[in-house]
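Encoded as structure tokens, here's the structure I'll be asking about.
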Amino acid sequence: MIVTFEELQAFLAEQFPQGARYGTLEKLGDGWAEMKLDVDDEHLRPGGTVAGPAMMGLADVALYAALLGKIGLVPLAVTSNLNINFLRKPVAHSPIRARAKMLRIGRASGVGEVFVYSDGLGEPVAHATITYSIPAKR
Amino acid sequence: MIVTFEELQAFLAEQFPQGARYGTLEKLGDGWAEMKLDVDDEHLRPGGTVAGPAMMGLADVALYAALLGKIGLVPLAVTSNLNINFLRKPVAHSPIRARAKMLRIGRASGVGEVFVYSDGLGEPVAHATITYSIPAKR
Amino acid sequence: MIVTFEELQAFLAEQFPQGARYGTLEKLGDGWAEMKLDVDDEHLRPGGTVAGPAMMGLADVALYAALLGKIGLVPLAVTSNLNINFLRKPVAHSPIRARAKMLRIGRASGVGEVFVYSDGLGEPVAHATITYSIPAKR
Amino acid sequence: MIVTFEELQAFLAEQFPQGARYGTLEKLGDGWAEMKLDVDDEHLRPGGTVAGPAMMGLADVALYAALLGKIGLVPLAVTSNLNINFLRKPVAHSPIRARAKMLRIGRASGVGEVFVYSDGLGEPVAHATITYSIPAKR
């Protein structure tokens, strides 16, 4: 891990000026990160459940955090592929949490997986695998 | 097609009270739909490009529209799997458009594909395949 | 787990009369299974590495085994979606092993993930998420 | 297109010495290719339907052909991600055909989509999106 929790937190705040809409960094480890999203009305969809894009966005930024913790603060790393399975209905107004872990970091790309949890449920509500493209010169 | 453009437009407006944040319905055909998203600052990410979740959200709702046009206004159809490849950088402040087409509609699920375009670019900026779970009783 | 190791082994042998080409069952637990494939020349591709389809086939049948261990010997459960990321080059003539685990088993479908390992390497060579469609009457 | 049909055919025959098990090249165009697989007993699975790995293998090699037709005969291009949706049951003893088309070819990777058809059915039996990693020096 070549980036500290505080450095990454500051970087994400600067990079995502929309504020906490994509979630906040909770933990950072060697190749993994956890982020939390406080679900409010803008994240809900019909039936009172958390909207898919809110979970996808949280998963995406959580694994991005896990990657940057390993390779440094490279703003130009971009998502190239995201695959997500929605497993269970989240609790409507409960926070959701993404636990993201890199599976491989190569020269030009990185791949990892993310489990998304809903506070109050033991089993995950979604699982994603995501690939980032890493720019050549960094 | 058992739902009209106007019926679907009204249904989406009611179901997604956040307004046009996920895009607006532009066209509806037999098993396909087109939606448009006017990109503003909240959809941008570092580097001035359109954020992945904005494209994922638009793709998801566009194929949901294409599905509902065929099976009727079933609010409980939910996304079960989404796979997206990001192909090119969209034009930063240009609208994005999703062209969604169902590939199969079965008893319990439906699968389709979506191309996302950025106004000003000929080639697609993203391609998604999405599966919806359709509730048993409808 | 409502099926024993021996019952599942016999079922797979009967269902896949091509023999061990898709691998052999090594372990079976509550919602998980391990299968092994002895790599021979027919599984190799240019460069002496294990062909992608050999890894996909092993992952697919291993999670199928994990699913059947939970729901019973339902021959009509079929794969509806498979997503695989190839992470590292396997050792050319080493056996590969798939560790498969169900993430959710619902009424009409089941989802799980599989890590594929190559004997001699600590890190996984591939990761897959797979969805099966489960027939209505069983 | 910088490779001819005959050159690519010869290359595939050499690279895949298992012979026609993965299919034969039928057509080659600018960024697209078609391959055919004569389904025999070794490709079938329980219920008399074509096995998933046979369709995955054909899709994979067809898009590989479409890519090589554009970038030249680079044996080290390898599949990094494959996502496939199985849409319909193929006709049991009918040939299957893959129509593969590149969506983007970049410096370090290429992405495309493949529709798989079963002779005798008008609608596709499977749809795949596949990413290849292209080696740096070529």
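Structure notes:
Think of it as A, B, C and D in the order they're written, each chain with its own count starting at 1.
Everything that follows uses one rule, which is that a residue touches a chain if its C-beta (ideal position, glycine included) is under 8 Å from a C-beta of that chain, and two chains touch if they have at least 3 such contacts.
No experiment lies behind these values; they were computed from the predicted model shown.
Comparing chain pairs B-D and B-C, the larger number of C-beta contacts belongs to B-D.
Most remote from chain B, judged by the distance between CA-atom centroids, is C.
Chain A and chain B have Cα centroids lying 22 Å from one another.
Centres computed as Cα averages put chain B at a distance of 28 Å from chain D.
Annotation: 33 Å between the Cα-based centres of chain B and chain C.
In chain C, the positions touching at least two other chains are 80-81, 83, 85, 131. Chain contact summary for the complex, chain C toward chain B: residues 80-81, 83, 107-109, 131, 133, 136. Across the interface of their complex, chain D is touched by residues 15-16, 18, 21-22, 41-42, 45-47, 49, 51-53, 56-57, 60, 75-76, 78-86 of chain C.
Interface residues of chain A facing chain C in the complex, by the touch rule stated above, are 83, 85, 87-88, 103-104, 111, 113, 123-124, 127, 129, 131.
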